[in-house]
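The chains carry the letters A, B, C and D, assigned in the order they are written, with residues numbered from 1 in each.
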Amino acid sequence: MRRIGMLTSGGDCQALNATMRGVAKVLYNKLDDVEILGFMDGYRGLMHNDYRVMRPSDFSGILTMGGTILGSSRQPFKKMRVIEADGLDKVAAMKKTYRELGLECLVILGGNGSQKTANLLMEEGMNVVSLPKTIDNDIYGTDMTFGFQSAADIATNAIDCIHTTAASHGRVFIVEVMGHKVGWLTLHAGIAGGADIILLPEIPYDLDCVLAAIERRHKAGKRFSILAVAEGAISKEDAQLSKKEYNKKIASSPYPSISYELGAKIEEAIGREVRITVPGHTQRGGGPDPYDRFISSRLGAAAGRLVVERKYGRMVAFDGFEVVNVSLNSVAGKLKYVDPKGAAIQEAKDMGICFGDE
Amino acid sequence: MRRIGMLTSGGDCQALNATMRGVAKVLYNKLDDVEILGFMDGYRGLMHNDYRVMRPSDFSGILTMGGTILGSSRQPFKKMRVIEADGLDKVAAMKKTYRELGLECLVILGGNGSQKTANLLMEEGMNVVSLPKTIDNDIYGTDMTFGFQSAADIATNAIDCIHTTAASHGRVFIVEVMGHKVGWLTLHAGIAGGADIILLPEIPYDLDCVLAAIERRHKAGKRFSILAVAEGAISKEDAQLSKKEYNKKIASSPYPSISYELGAKIEEAIGREVRITVPGHTQRGGGPDPYDRFISSRLGAAAGRLVVERKYGRMVAFDGFEVVNVSLNSVAGKLKYVDPKGAAIQEAKDMGICFGDE
Amino acid sequence: MRRIGMLTSGGDCQALNATMRGVAKVLYNKLDDVEILGFMDGYRGLMHNDYRVMRPSDFSGILTMGGTILGSSRQPFKKMRVIEADGLDKVAAMKKTYRELGLECLVILGGNGSQKTANLLMEEGMNVVSLPKTIDNDIYGTDMTFGFQSAADIATNAIDCIHTTAASHGRVFIVEVMGHKVGWLTLHAGIAGGADIILLPEIPYDLDCVLAAIERRHKAGKRFSILAVAEGAISKEDAQLSKKEYNKKIASSPYPSISYELGAKIEEAIGREVRITVPGHTQRGGGPDPYDRFISSRLGAAAGRLVVERKYGRMVAFDGFEVVNVSLNSVAGKLKYVDPKGAAIQEAKDMGICFGDE
Amino acid sequence: MRRIGMLTSGGDCQALNATMRGVAKVLYNKLDDVEILGFMDGYRGLMHNDYRVMRPSDFSGILTMGGTILGSSRQPFKKMRVIEADGLDKVAAMKKTYRELGLECLVILGGNGSQKTANLLMEEGMNVVSLPKTIDNDIYGTDMTFGFQSAADIATNAIDCIHTTAASHGRVFIVEVMGHKVGWLTLHAGIAGGADIILLPEIPYDLDCVLAAIERRHKAGKRFSILAVAEGAISKEDAQLSKKEYNKKIASSPYPSISYELGAKIEEAIGREVRITVPGHTQRGGGPDPYDRFISSRLGAAAGRLVVERKYGRMVAFDGFEVVNVSLNSVAGKLKYVDPKGAAIQEAKDMGICFGDE
């Protein structure tokens, strides 16, 4: 019998269940004798030998279900090597579980941090197949991650809702979009939602450019302006700071987030009310959209095939519309950024969207 | 020719356009010679003689459209009688516009404040038919307002999204729901979203009850708890304060809203992370749902019929599932609250939902 | 220990699970010692002693889930008294199960036929609490049934989709809406979807009126017309037929449904293409909308309370926005029709919507 | 002044307006002096000199709007060269309009037939930039067309709805999906919707394989089976027929579509009820989803840039996630099929999905 471990790690997102279903369907379909162990709450379950034996029926009906049936937890890589206060050597503990249970491999669904950990486990001698999970779409080595489009839908819908109220009342509105250190989600939601100004971490903004864009619209008789602002957006001044200085500045800021600070500055400059909306955690919640259900089924199935064929140390990925797989150690620890000079940005600028840099 | 003025006043909401379409279709259909003047931005347009002559085509295709094609503005009744800094007597200015344009009546879509103003205009000799617009459902004299269910949909969807992420990570989550001083929106979204704890302005809460409910779930092995908290929710202690004292307390609070304060207290008490999500203005945005499109068409048509029959001084309303009309001066200025002893609350309590009072 | 049977009968609809959850939560919350037995596939399970013992966790997470976790089957009342080919006396068989299992009562979620059967079981000495389930909203004694609004959403969305394509191509489109012998679903979806012509079973239509309405729009320069046609719509001529004659006519019709026959006649008369869309079974599928989740939770909780208090022979119901309960034998076997002279029809006619009768 | 013609041709789809908005925003933004003429109802407007001068405001607020503000019509290429009954030489008529209006180029949004016509116009000396519009995703030279994902959403949602009712009642259900002669839409919706059996035009099916798949599920205790069947699906026997023979067979079939014929055969073979659902034209209706709004904005902007730079004879396209452009005459008249040996099919088969061929 082949015994396969499975876990979901990091912030939850849509299509985690759909992806696991894809993996499981292939394993049950192609292997005569297989057992899937699901570790609870990501690497925590692997560390503490907390798992349940999955049955085929556990994967039924979960294609459309949000969240993860296995639970998840954030387990930052940087602390992986550290011995915990209670004396636990995390990596050793995971290795022990892996060995004792006689696992043949681990199927790991995770974002950037989790991919790094997956790579570390591989280096420690465990077999790993990983899948690119994140609403941020920032995983190096794949053109698309599952969860991203569903999150983009929610962020876009938030902008849509704000659009009608902004238009009715003639207001400046900021919608703060998730995405961590990268701008993919804001870029897609901003364009799809018809935002007038889009601020991304990859393109530090100049407040004067932003104000000028708002004033241009105002003078052209447009009643409102909508800004899609990434939670990681940064001004040109702040981009000059060292990471330490910047973190210090943020820590002492009276504003809950960058959007509130920006909003206050705009309000002061233009003398008109600016409203802030933060869809927040709703962006990673709810069920996956049909796009994500399609791509996650494909990624899951491709990962299942890798397990069947014992091709380990790989992350399944999209190269354009094709599912491929890449070596885990070539991608772990690298971020995929929006290219400020890329075609998407250029097209958006051609349409008159302001990115705060010119 | 009969010349009818129309305006939308107060915070925008879903189905404003659908409602106006209902009114206009009846006017164009039943009257041979009618002209509709649409005042821009609510009472502001009436005050400043800012209007456009509507054509039948202006009302085409707007059934599903969010916001208001006429724009809106908040114009609190309490300042209505005050002469403005620029010497403008607001009521006199509106009366002047009404007379000069030879209006036969005003069709006014508005919430509580706007109904009060509508009543005032009536007392000043203008003919008025009004319609109950608000996502808060707090207008006295009608069982249902348009906009409410669409807003409840959005708030419920926010809770749904939080549900999956809360369940995956095992967290306590607060979703702050709009509704001003009343709890209808939170009650409906909370029950529809399966919230474990629902806090309403009408039922001041005891923090210990809330904590006990969270702990009961925790001990029963539930990984998470979701609180639907009205933006106007209030603790038992705060409910003892005078309005002045309470406003002072709020003004000096370091928290952006009640939810953040509550979240901090819960976090401190239970020693586990509490997350806050505030869907905010998205709740009044986007297009109306089919329910709202149905009831707003009915209300609009009934208001149109009142105009046709020259029955003025009335607000159209729902009595159960029947459309009726009530005298404007009998409802203006009164709020409709959730009854803490009512059947809906009792049913929710029977299901084990905690309202923080027992 | 109190042992309660539960079953879902008839065509499935949205919010069956949400309703059962409401019942179960109250039973588990208010009773110290209770066991719920879920009969599989409606009355079939009760007849054949096919059930499973439900656990509280079975009712977790099903608030948003479509279909029914217990399965359903159609079991028409009229054959209830008949001894089956295999010698099974249905009613006796159900009674036997009820007695042998020591059930204290049955909680029955069903439509018209199922309510009749529920009443019959009551007359046979079983304790029954029933809940009004149907997308048709045709159950006598309640202003609203669960499932109805979610189905109306789907039918309305279908009309919305057709709207854009009809407008783009300048076509006449028929959307056939479910509803069995009554017109509620078509009326609500038709008004919410902005249909130009609405044909209901309760208002037999005159083809010439329908054609005249289409031509009026055509002459007014409207590019398209949309008809919302109830699956039970009937022409004035056909309404003259005896039931037997009509069924014979239908049986020998070359058309799959009334819409296709009507479409062919319109096409022939106006010389322009007419397209038919039949959303069909999708209307009873998918998860419940927030409205249905709210009302079904309330109905379920109220039914749970009846069980707790041993008030049997009742159906929970809506009287306006209030949850009440009515005696089962006063409502079983009666249909609730759209009133052709009612306010909703009058309002729609005032708006210029054609019902084919004038 | 540069004068640009624009038209939308063929069956309407989602994101036509979003795409035109993208083009227009770039033209207005990058060119000092530009005028856009919108031809009504596709090539018909160009033939009959029926157009309106567009204003920038015509393109405002249409990002989310379904259908096409210019109207559309089907104008099959194969008849393009034919002189019409009324003596009209179509191509000459279009050329005349083009010349007389002093157009500099035509921006054409269309599917396969329309691309062929666009290419013909180019060969006749007109300047053309085209955009790949179709819910079928069958345009050669681009990895993705706008409209496709929104249609996939609707088809997937239909399968979702059927899923709950099929599961509740234990039925075999066929959902017939659009897509003309290609299977993209059915493949994506089928996988995203969790269909058990997917039948595509590119993979002629063997009825016995289909029956065997249904029986396998039945024996495994699954209560239901869902088939996603392309409107162009074909059996192995029928695939042997000449096109003429096949068309003759279809013309004399008593069934409205392939699904009904297949359903009848399955029903006869398995002795259990089979239900058919045909979402039909709803699949091309309603507003575009966020994915389509993003890609259509990009495609539109890229087309606008081609016009600005006077690069004619090109179709904008997706190569993976990159927007490129290809020469119109290299793609016109070619279809892009699903590869029966491709990775997506293999992954689906690995998951146990039956395509009726093995």
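In the analysis below, contacts are C-beta pairs under 8 Å (C-beta built on N, C-alpha and C of every residue); 3 or more make two chains touch, one makes a residue touch a chain.
Bear in mind that the values here come from a model prediction, so they are computed numbers and not experimental data.
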{"item": "Touching chain B and also chain C, the following chains", "value": "none"}
{"item": "Geometric centre distance via CA averages, chain B-chain A, whole Å", "value": "35"}
{"item": "Mean-CA-position distance for chain D and chain A (Å)", "value": "31"}
{"item": "Interchain centroid distance [CA atoms averaged], chain B/chain D, Å", "value": "42"}
{"item": "Shared interface positions of chain A, touching two or more other chains", "value": "157, 160"}
{"item": "Pairwise chain contacts, counting only pairs that touch as defined", "value": "A-B, A-D, B-C, C-D"}
{"item": "Touch list for chain C against partner chain B, complex", "value": "22, 25-26, 28-30, 63-64, 143-144, 149, 152-153, 156-157, 160, 188-189, 191-194, 289-291, 293-294, 297-298, 301-302, 304-305, 319-323, 343-344, 347-348, 350-352"}
{"item": "For the chain C and chain D complex, residues of the former touching the latter", "value": "8, 11-12, 14, 16, 41, 65-68, 71-73, 154, 157-158, 160-165, 167-170, 173, 223, 256, 275-287"}
